[in-house]
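In order of appearance the chains are A, B, C, D and E, and numbering begins at 1 in each one.
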Amino acid sequence: MELKSLTEQKSLLAILPPGKRARLHRLLFEFGPGNGTLMLLPIDQGIEHGPRDFFPNPASKDPDYQFRLAAEAGYSALACQIGMAEKHYPDYAGRVPLILKVNGKTDIPSSAKAFSSCNAGVEDAVRLGADAVGYTLYVGSPRQDEDLAQLRQVRQDCDRFGMPLVVWSYPRGEAIDAKGGAGSFYAIDYAARMAMEMGADIVKLNMPKINPEKDKDSPAPYNEMEVSQEEAIRHCVESAGRSLVVLSGGSKVDDETVLGHTRMVMEAGGSGVIFGRNVWQREWSDALEIIGQIKETLLSSVRRTP
Amino acid sequence: MELKSLTEQKSLLAILPPGKRARLHRLLFEFGPGNGTLMLLPIDQGIEHGPRDFFPNPASKDPDYQFRLAAEAGYSALACQIGMAEKHYPDYAGRVPLILKVNGKTDIPSSAKAFSSCNAGVEDAVRLGADAVGYTLYVGSPRQDEDLAQLRQVRQDCDRFGMPLVVWSYPRGEAIDAKGGAGSFYAIDYAARMAMEMGADIVKLNMPKINPEKDKDSPAPYNEMEVSQEEAIRHCVESAGRSLVVLSGGSKVDDETVLGHTRMVMEAGGSGVIFGRNVWQREWSDALEIIGQIKETLLSSVRRTP
Amino acid sequence: MELKSLTEQKSLLAILPPGKRARLHRLLFEFGPGNGTLMLLPIDQGIEHGPRDFFPNPASKDPDYQFRLAAEAGYSALACQIGMAEKHYPDYAGRVPLILKVNGKTDIPSSAKAFSSCNAGVEDAVRLGADAVGYTLYVGSPRQDEDLAQLRQVRQDCDRFGMPLVVWSYPRGEAIDAKGGAGSFYAIDYAARMAMEMGADIVKLNMPKINPEKDKDSPAPYNEMEVSQEEAIRHCVESAGRSLVVLSGGSKVDDETVLGHTRMVMEAGGSGVIFGRNVWQREWSDALEIIGQIKETLLSSVRRTP
Amino acid sequence: MELKSLTEQKSLLAILPPGKRARLHRLLFEFGPGNGTLMLLPIDQGIEHGPRDFFPNPASKDPDYQFRLAAEAGYSALACQIGMAEKHYPDYAGRVPLILKVNGKTDIPSSAKAFSSCNAGVEDAVRLGADAVGYTLYVGSPRQDEDLAQLRQVRQDCDRFGMPLVVWSYPRGEAIDAKGGAGSFYAIDYAARMAMEMGADIVKLNMPKINPEKDKDSPAPYNEMEVSQEEAIRHCVESAGRSLVVLSGGSKVDDETVLGHTRMVMEAGGSGVIFGRNVWQREWSDALEIIGQIKETLLSSVRRTP
Amino acid sequence: MELKSLTEQKSLLAILPPGKRARLHRLLFEFGPGNGTLMLLPIDQGIEHGPRDFFPNPASKDPDYQFRLAAEAGYSALACQIGMAEKHYPDYAGRVPLILKVNGKTDIPSSAKAFSSCNAGVEDAVRLGADAVGYTLYVGSPRQDEDLAQLRQVRQDCDRFGMPLVVWSYPRGEAIDAKGGAGSFYAIDYAARMAMEMGADIVKLNMPKINPEKDKDSPAPYNEMEVSQEEAIRHCVESAGRSLVVLSGGSKVDDETVLGHTRMVMEAGGSGVIFGRNVWQREWSDALEIIGQIKETLLSSVRRTP
């Protein structure tokens, strides 16, 4: 496809300033699969959902579990909030790159007007030796004006300190619910573009879900398009432009789906995956096994030119 | 007409401080038509409407398409958000002037109380070598107090750095809807004046639409005026005072309308056009053709004294 | 009357710090009537009402009309927003003092909770060589907390830079509407006091309108007072204490009313007038004529000790 | 009573840092009664109620009336807003200490969600040679979060500049109305404690009103307590801890009440009174007479150890 | 249990930067029980509930009562707001460590959208020689975005000054009320995790209350779990990770409950208790007696490795 080849004409690293380039190089080539792909471990569920996500595997309640997993299984990076970055990362500093997530919220109140305020900043990330900063953007929320203004500060500090910016780009809120929902192709595609437009170096996307019934509420031409999931994710990856795309996992699914989605995003031109519960809700040896398979899938993908 | 001649008595450039003058001179005389008119290429639809605007011409989804078009077809400048300015402009730096748009929003939530927060700043524009800054002002929105306060910061930074300020001056929100709508002569005329009052060097206006049925809801004397579209746009251009006026295109229309509107704004005393979808929703050769015709129209207009 | 003589015991200039004194001296004695009175020309209707105020005299749409009028007819000062101050004042710098109005708004949305945010600052005024700063305060608006906090910044910067502060003190909003309306003696009297309490050097007031029917809704004792318009305006001027009072004109009325109001405010102890539409909605020669009569009235008033 | 003796164990002055100690010493021992008690003259009614409070004694409309009264009758200090502090205090500088009130509002809108924003700051007070800063706190207002955050800035600046902090501690808003009202023992007692907790050096309280009917809505044990007014005010003074308490007057009452309340607050362990309308709504000689009686009452009270 | 042993693998002190380590060492080993446990005395009820909490023991109204108790009975630290820290702590400086609580509010308005704004800052704590800072976080409040953003500032200042951060982590607001209430296992468990995620060094928790009827409204799996209070508190302590947990007391209960809860939190892996009303609502000798028993319980617990 023409667009894809255009996208691949130039490496993202080649146009990034030195600080971002050095740090991103670490994630892409020195840790994880090491072939320019990204295998990221998120541990932000404790703030986003509360401790309930740890019940399926009680050991996972201690953050050391995920840190140890990230370091020993060879991840590209681990993403967490400030508390764990300050109290657990010191034990693993240098052994696995850190992505400091700078905003977050509980899921206790309604997310009709979702907005996630910053509880940390880029300077915290610099101080702690992180290699990237993570930001959750609620695309299309009625509070998007506050969100974009807040992201501006984070993005500008990233530019100032040469810190790569990873955007968790999530459609969210009552307005998107009325236009087909947060998981629709329309919504994810818009989210991909928004992250790119706002200066993301890496975009985290959910897998778009094709649902003809709900998609009728999306704006044209999405309301009438007939696309497969493969085509949809390819569109989304293209919408992210030069920003690298990593696919998010969501709640725990079977192994086949995990690996199938991994292949799908790589074939679509994506750069990797970020699976959390699908990994650390498993016992240690089970976790290592699925991680191995994911890594293998990433390694067997056409070498990415990030 | 008397007013027009008054307006032309003094060039805008002649009263601008050196930084603004140098940069604006680049847009007016060194790039684009080069006769003091402006041919601008906007690529902010990805944030304002989402990727759907790129479907008519899939190649346009890759921002490189528009950047290449702007550089090769000889535009006065290209306008985009920070993400593309950081990831695509480096490839074209020096080959086409950049207008960094510093605010924007998705169209997912209602625009009854429209407000577009800043996701970038004038310092970003300076750092990236841009020659102007773009700001979207929602004239008459119930949140105008926030908008004007935010514009103040942008305008003051423009004054500080000698950066020309381009205001996308759009009537918007439930209050203007109740007074004849965002596209009325009343609304556009007010928007032109507001941009000038707030310190715009260039004002982007939509073509006022004469609609006697809706215009009855406008305040006097607009509710009873009988004006042609030509007269209306002339009024609006005059309301912008010494601020240069460029006409906006909106969604794709036929070639005749594109060129007719171009002639109309120039005859009304305007300084140029800013057509996006009407240009880059076409295949490469078609795009070049219409661009050529637009440029010809601008070149054949009476030489502007900007 | 005792109070008036108390007020006149001490000149305002005598207690002002040097920066304010020097600039105010310019308005009071070097320009305009020159006898310590003030004849001010406002040109803020374009932002407050839109271009419709210029239709009765199309020439007035070009700001140069008012600037030329102010300079050639010999005004004490001209008041306008930042856009005109930057693009038109340069041609008249030194020929007529400038009052930079630092806030303003369109009248498109409801003013039930009126608030006018700052679109410029005192530093802008200093940079542009202005001799005073103008601020619109909406007395009694439900958003008064934001208004007073914003005015604080302006007032403090005025103190810092020695810049005289002119307060357009307007009762406004749903709460005052429920207590007799924005034009009542009660409302104007309170507005006069508020401006003085907040540190105004000059207060712009509307002429209080006696309306027994509506005044019944005002708090005691206003709801039962029987005062003439002359007595009412005298009370209001007294409420402004040492702050100089200029009377505002509003929409165009007949010559007799213009001159009658001028006399009335001077007899009440005021310091001058600020008529806009009543002046520049007239053709050039008509405008000069009424200006001449106003000036004569000011000159024939008992010499003010400002 | 045990608590009172505890309170008196240590002088407030003894624990204050030098700047606060020097300035408060001036109010307590160099001006006013001079025996460690406080006789304060407030002139903030013009902003809080408008000019209507001046009608009973027209001379009082000119702020010079109160300034002269404060200086000639020998007050501990006079409290007013920035406007009068800048335009009238210069004439009396050094002759009577100044308390600069830094927030205030009109009573035009509802006070259901009362909040009084700052229109001046501690630096203004320092610049003008004031000896204390006054702040109105609306205890229990739904906007208490903004109020406490704003007070923090004032308190921190007071700490930075060694400026004593006087808190007008007023229960206010719809929530306190539903719990027995702003004048109840419960409300005033809470207000006294809040001011102390927030760092007040001096607390201004209204006299608690015992009203068994309304007090039933107060939280336990207030809803069932049977206390006299004397006991209630003593409780409130104790709740203020080491912060000095001055009793507020409110609207004009008869002489006996004025003097009775003065005795009551002193017997309860308070430090003085702050009567406004009860003083300056009288003609000059009447005013001097009641002031003389108040001062005598303060002088005849047991010497306070402030 | 596996998790607990993991938690104990590494001391919190060992990973803290020097400033925090030095100050926390003081609380853990130099004051109070001195065996690495915490016995804290809170005196923030005056602001949170008003003076009514002091009526059961009138002596407690004078803050000196609690300060003296904390110093003479040998507490690890005393926690209070800025007013008492400035006016009472000077008498006890060095004799008992101070935790400065930097936010607080009255309980007069509804807490459906609870938010407690800062009335002091970390710099105040540093200036006053405090050894820790206290912050009340309302987990799950609809205003959590403001809360987390505010906590960020406090946490960053704590990092900057090496000041330990104690988080009063309280579920609160209408959303948590709809999910089983603020006292549920679900709510307290989430609150424990949130405090840890946000960077707390010490977390103050309420004892979770098992209430099958209300717990049905909690999210899975909490809605179906059958746990004892002992198991619940152990879960909560684990959710706090390396943050030390102190159990809060609430309103006065019988001695057995006080001591039982103390044992329970220590057995669950907690680090101590913070009882206020249960202590200082008693007469001096009674208070000393219960304090002695609490301290004995803490001393007899397995030595904590904080």
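A few points about this structure:
What we mean here is this: a contact is a pair of C-beta atoms (placed from the backbone, for glycine too) under 8 Å apart; a residue touches a chain by one contact, two chains touch by 3 or more.
Owing to the predicted nature of the structure, the values given are computational and were not obtained by experimental measurement.
For the pair chain A and chain E, there is no chain touching both partners.
Taken over every residue number at the interface, the positions common to chain D and chain E amount to under half, indicating a different-residue contact. Per the C-alpha superposition, chain C sits rotated 145 degrees relative to chain E, a value rounded to a multiple of 5.
Mean C-alpha position of chain A lies 35 Å from that of chain B. The distance from the centre of chain A to the centre of chain D, with each centre set as the mean of the Cα atoms, comes to 57 Å.
Multi-chain contact residues of chain B, defined as those touching 2 or more other chains: none present.
Remark: ring traversal beginning at chain A, heading first to chain E, gives the chain order A, E, D, C, B.
Taken in their complex, chain B has these residues touching chain A: 46-47, 50-52, 55, 58-59, 61-65, 81-84, 86-88, 90-91, 104-106, 108-110, 115-121, 124, 127. Residues of chain B touching chain C in their complex: 2-3, 6-7, 9-10, 12, 15, 139-142, 144-146, 148-149, 151-152, 155-156, 159, 171, 173, 175-176, 179, 186, 189-190, 192-200, 219-222, 235, 238-239, 241-243.
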